[in-house]
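First chain written, first letter: the chains are A, B, C and D, and each begins at residue 1.
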Amino acid sequence: MPRKPTTRTRANSSNGANSQAKLPKGLKASDLVDYYTRLVQARSLDERIWMLNRLGKVPIAASSQGHEAAQLGSLLAAEKDGDCFLFPYYRDLALKVAAGLSPVQVMMSFMGKAGDPYSHGRQFPLQGADLPHKIIQISNVVAAGLTQSVGYALACRMAGDETVVLVYFGDGATSQGETHEAMNFASIHKLPVIFICENNRYAISTPQSAQMVVEEVASRAASYGFPGFTVDGMDLIQCYEATREAITHARAQGPVLLEMMVKRFMSHTTDDDDRRYRPEGEVERARERDPVITFARTLIEEGMLTQKMVDEIAAETLRSTDEATDVADVSSPPDASNLHDSVYSP
Amino acid sequence: MAVKSVIEAVREAIREEMERDSKVFVIGEDVGIRGGVFLATQGLAEEFGNNRVIDAPLAEASIMGIALGAAFRGMRPIPEVQFSDFVWPSVNQLIGEAARTCYGTNGAVPVPMVIRMPYGGGIRGGLFHSQNVETHFFHTPGLKVVAPCTPYDAKGLLKSAIRDNNPVVFLEHKKTYRLVRGEVPDEEYTLPIGKADVKRQGSNLTVVSYGLTLHYCLEAAEELAAEGVDVEVLDLRTLSPLDTATILESVKKTGRLAVVHEDNITGGVGAEVAALAAGQAFEYLDAPIARICGPDVPTMPFAQTLEDAYMPTSDKIAEGLRRLAAY
Amino acid sequence: MAVKSVIEAVREAIREEMERDSKVFVIGEDVGIRGGVFLATQGLAEEFGNNRVIDAPLAEASIMGIALGAAFRGMRPIPEVQFSDFVWPSVNQLIGEAARTCYGTNGAVPVPMVIRMPYGGGIRGGLFHSQNVETHFFHTPGLKVVAPCTPYDAKGLLKSAIRDNNPVVFLEHKKTYRLVRGEVPDEEYTLPIGKADVKRQGSNLTVVSYGLTLHYCLEAAEELAAEGVDVEVLDLRTLSPLDTATILESVKKTGRLAVVHEDNITGGVGAEVAALAAGQAFEYLDAPIARICGPDVPTMPFAQTLEDAYMPTSDKIAEGLRRLAAY
Amino acid sequence: MPRKPTTRTRANSSNGANSQAKLPKGLKASDLVDYYTRLVQARSLDERIWMLNRLGKVPIAASSQGHEAAQLGSLLAAEKDGDCFLFPYYRDLALKVAAGLSPVQVMMSFMGKAGDPYSHGRQFPLQGADLPHKIIQISNVVAAGLTQSVGYALACRMAGDETVVLVYFGDGATSQGETHEAMNFASIHKLPVIFICENNRYAISTPQSAQMVVEEVASRAASYGFPGFTVDGMDLIQCYEATREAITHARAQGPVLLEMMVKRFMSHTTDDDDRRYRPEGEVERARERDPVITFARTLIEEGMLTQKMVDEIAAETLRSTDEATDVADVSSPPDASNLHDSVYSP
């Protein structure tokens, strides 16, 4: 492991098209089409959820719109690797959806129904655990998952596993002391943890400049003697590649910090109104690099998709979203008696 | 007098005290341009500048420690914890340091600071946005703990808290913010910390509560009045120091005591109130002391059904009081 | 049976469980080559290696969070907090996360972990090495809290705690470590969590206590026996879940209840015990419930005079019991 | 303020003599003699306190032996500046003594007597506040003072003061999350805080290698965009100069991290036995650079002191220590009734 890590910023394609001319290492065309489909499905659900909030059917939601390329690119790398465990955070809607939940399960969770796969309606949507898809997110307390993910990695090593742990968090979470503690411990024990910072340059209303003096979160990896990279989080393939490399490094040599530069398209949550604090036009400009659009463009350019297929995918995912909404809407909430279950484990 | 909401009363109190004393300042997450997530500090950054309304990085321990350090230098900081659920990363500074600063310096270093926290449930906040945290601070000598339930009390007590030379944990029940409205005098006033308030006079039994559930107790009392039971409703307002005199006086008068709170029953504030009466008003008690409190599960779940099942509602309270009256 | 000290019993329990189950491991500050500052883990690093006895950096939040994360993966970590006073930086992981993990995942993720903490005063530890922290965890559903006072109980309960699938806060009173000695069976045994123990049978009044003060209660009981008062001394051993049945049974038998602890009186565990009796054994009570507890000052100061003034000693307890018996 | 700070290691004089041939900037010869005297007094008290512990008269003590040059060098800079406020930690015995306490006051504090100037016997020795000497140390909870010192600096700025705050901590404290939070906040607001890490490469028994991967704590300043320097903490004059420069920088441009490399000569505290975990001979080797000896040598070489004066200072300070011990020993402990005072401020 390099003792003096350098911060490497990967090429930033300013036009929004992915820079890869050929298939990225380890992927088939069908993988990309598959992930495009998951991306569109996630986006469709995300938009619908926001609307359902306005209709009073979903009490709260944090949107992943604008973060999806980072989430799905890293997820794709984890899936291809086959032995990764994920500690996402509350903004990782697309990640959690794409990891394998059905649209119905997603909607159940957002409406607080008994069918919620994460917590049986006890927690905020998609929070708790989805063990079948190797995901744990105990809370939405910012940065609380970081030390836990490091402990998980430690336990995997103790148990003889080769598992690599991916833990996700925002730029705001980097201010928490526990982020420092987690990275420090992971570095001392050279644990296979990839710290993925989805940097959208906001913690609710607080801009990055009020959170830190440094330009790049990735530069802080130097404090722990492990590598840190800043990548274009709007570019799914770049995120895939960076994560794939990071997984290899992590398994062999220890932690990596990946900073993925993303844009938050929506307000912080459905409870927030970002017009209070966001410069006009910022979101519009950011949407020019909407991963749903740019990824489709790339796949069409590469001949993996046609416009017709794109349209079909859009129609199909929308149908799933509609159906899921209807099914979840009429499904049962958890029974009141459940209140007292599982305070303790047997 | 104008009718205002709790959040308006809180905002007014902060604004007036900032105007009155340049040592008063606010620090917290999103308190500046955003005005706080509940808008308690809306407009203050514009009026007093970013030096007195400081948007802190997302790090509660530092917010608390920095406020504390500023208090050492004579400032009167008002750190805001965005939701009480997020106070935990900071409690070393609060329970460990702030509460013991005056004592640990034999009085040389007072700590004039008010830690504001929106707390409590009933707003679909789930496990991590509904927490009742009062007991932990109630059980910490060196802290004062205030938990008002009306705009009038909130404003008067917050102003007193800001002028107090001790760390005051100021608990604002989120659900009361916009729901509870009431008259607030136009002229300047403060209310004494440490004084409970009899919100309803009664002779048959005493209910002690605070925060959101106080309102539910008043509703329940009305129900029982219709059934011929005259309930006295006592609002603690300040949890620490506890107004033991007012509690004991009421219990001695009615001979029957119920304690109501949203927080988990075991080891909650209600246990202390019950123990107080069982120790110092024993001869006056005509019935077992009743506690109608949140169950011992980790706060309110997200689903409506589960949240409802958790909450001590006016119906549940009325039922408990009915049983107590009938004993 | 051999006579052992509390610290020896603790060490044996950890050693035996580590031998029995390779999932058990220790993590904390100076637990390795140093064997912990109280030597609770002495020799374990040599025996089980540094991978199972991990010297952590000085950062309690990470010790707790890392232990918790390891528990998610099925390990059975035993994080050590060097002194309970230093638990505060870590309580977000403990109160916020560990306690709600099982509940917040609807039972999918159990948390088999034991958080060991030396606690309590009487050792000239001053404000930051004497803290009684039990109430904060007692009031947190999802945690279990164990506080033994003899070597026999310590060993049997620690072994059970390690085998339990929930986060157990295991409180070891520092002053008992070497002072309290007692017989410990040579053969394997465990004791059930959640069961109080009648340490002395009696018929005139019930004293409920735990930890160091339990021994002082026994001394006071002997004093009163000489005066013809027959005191039953009940050792809670487990604070959470509280053994309400045993408490109520004893109170119903004697009709008089005193609660004794070193922790601050207001809002302490004693308040809950008193509230329990005042709620569920009211008809049996012949006297006000007495609480003989630490005063409401931030724990024990350093100077001998002040520490002595704080501490509920056997003399102070005897006096309280005498008054209760005479009521 | 430099955005890309570099870590500068100042020349290490391996023979233990100070490298300065002339008087350091801003100092008179009498200053150095004065500080030498304070150093010897502090050492004398420190040694006596340890002995008194063995005699059962002092319940606990953390020795500053081996750390004195760092503590007194920085104190000298603060004193010469005239407008500094100090947040020391529990190992800063020499600093607290040299800041102006009488030997009697020191002994009162260690014996838990009413004359303890820091806490009236409520706290561990020399813990609480010594406001006449501009010192606050609320607790011995590791790293708790850092954010407080930053808040103090913030308040000074609000009040229009020019005060610079010096906060002291060990290498162990750098692992605490709050250390990260304190430095991050100070950097964002460019507050006049000097973070002084007395790095003795041990946190009780835990060596630096088990605490962090980086070689120099000072390198972590880069994470906050402010300068960090590693200096020889056994060299009083070097510590003076580095701190003096840091004060100037801090007042004008914001935080500085000063890492002072020191040696812990004694066990962690009187409760510890470092033979359990320390390589044989380590302490003996470290003592070759004992600041009490090397500083005397320098002052003799520079003609500021004679051996005779050195001997006189030793005798005089020892006499003060003896006297202080006797006075404190027979003085009264705090009255039991004091237990209930000052839980709250009026």
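We adopt the following convention: contacts are C-beta pairs under 8 Å (C-beta built on N, C-alpha and C of every residue); 3 or more make two chains touch, one makes a residue touch a chain.
All values reported here derive from a predicted model rather than from experimental measurement.
The chain with its Cα centre farthest from the Cα centre of chain D is A.
Mean C-alpha position of chain B lies 42 Å from that of chain D.
Averaged C-alpha coordinates put the centre of chain B at 30 Å from the centre of chain C.
Per-chain Cα centroids separate chain A from chain B by 37 Å. Centroids of chain A and chain D (each the mean of its C-alpha atoms) stand 46 Å apart.
For chain B, residues that reach two or more other chains under the stated contact definition are 57, 59, 61-62, 85, 88-89, 92, 96, 100, 103-104, 127-128, 141-142, 296-298. Residue numbers of chain D whose C-beta contacts span two or more other chains: 119, 122-123, 127, 139, 141, 175-178, 181, 184, 188, 210-212, 338, 343.
Chain contacts here are complete: no pair of chains fails to touch.
Within the complex formed with chain D, the residues of chain A that make contact are 3, 175-181, 184, 187-188, 210-214, 219-220, 222-226. Residues of chain D that touch chain C in their complex: 59-60, 112-114, 116, 119, 121-125, 127, 139-143, 172-173, 175-178, 203-206, 210-212, 271-272, 276-277, 333-340, 343. Residue ranges on chain C touching chain B, taken from their complex, read 61, 85, 88-89, 91-92, 95-96, 99-100, 103-104, 127-128, 135-136, 138-142, 240, 242, 264, 266-272, 274-275, 277-280, 282-283, 285, 287-291, 296-298. Residues of chain B that touch chain D in their complex: 25, 51-52, 56-57, 59, 61-62, 64-75, 77, 89, 92-93, 96-97, 100-112, 141-142, 144, 165-166. If you check the complex, the residues on chain C that touch chain D are 29-30, 32-35, 37, 55, 57-59, 61-62, 85-86, 88-89, 124, 126-129, 295-298, 301-306, 308-310.
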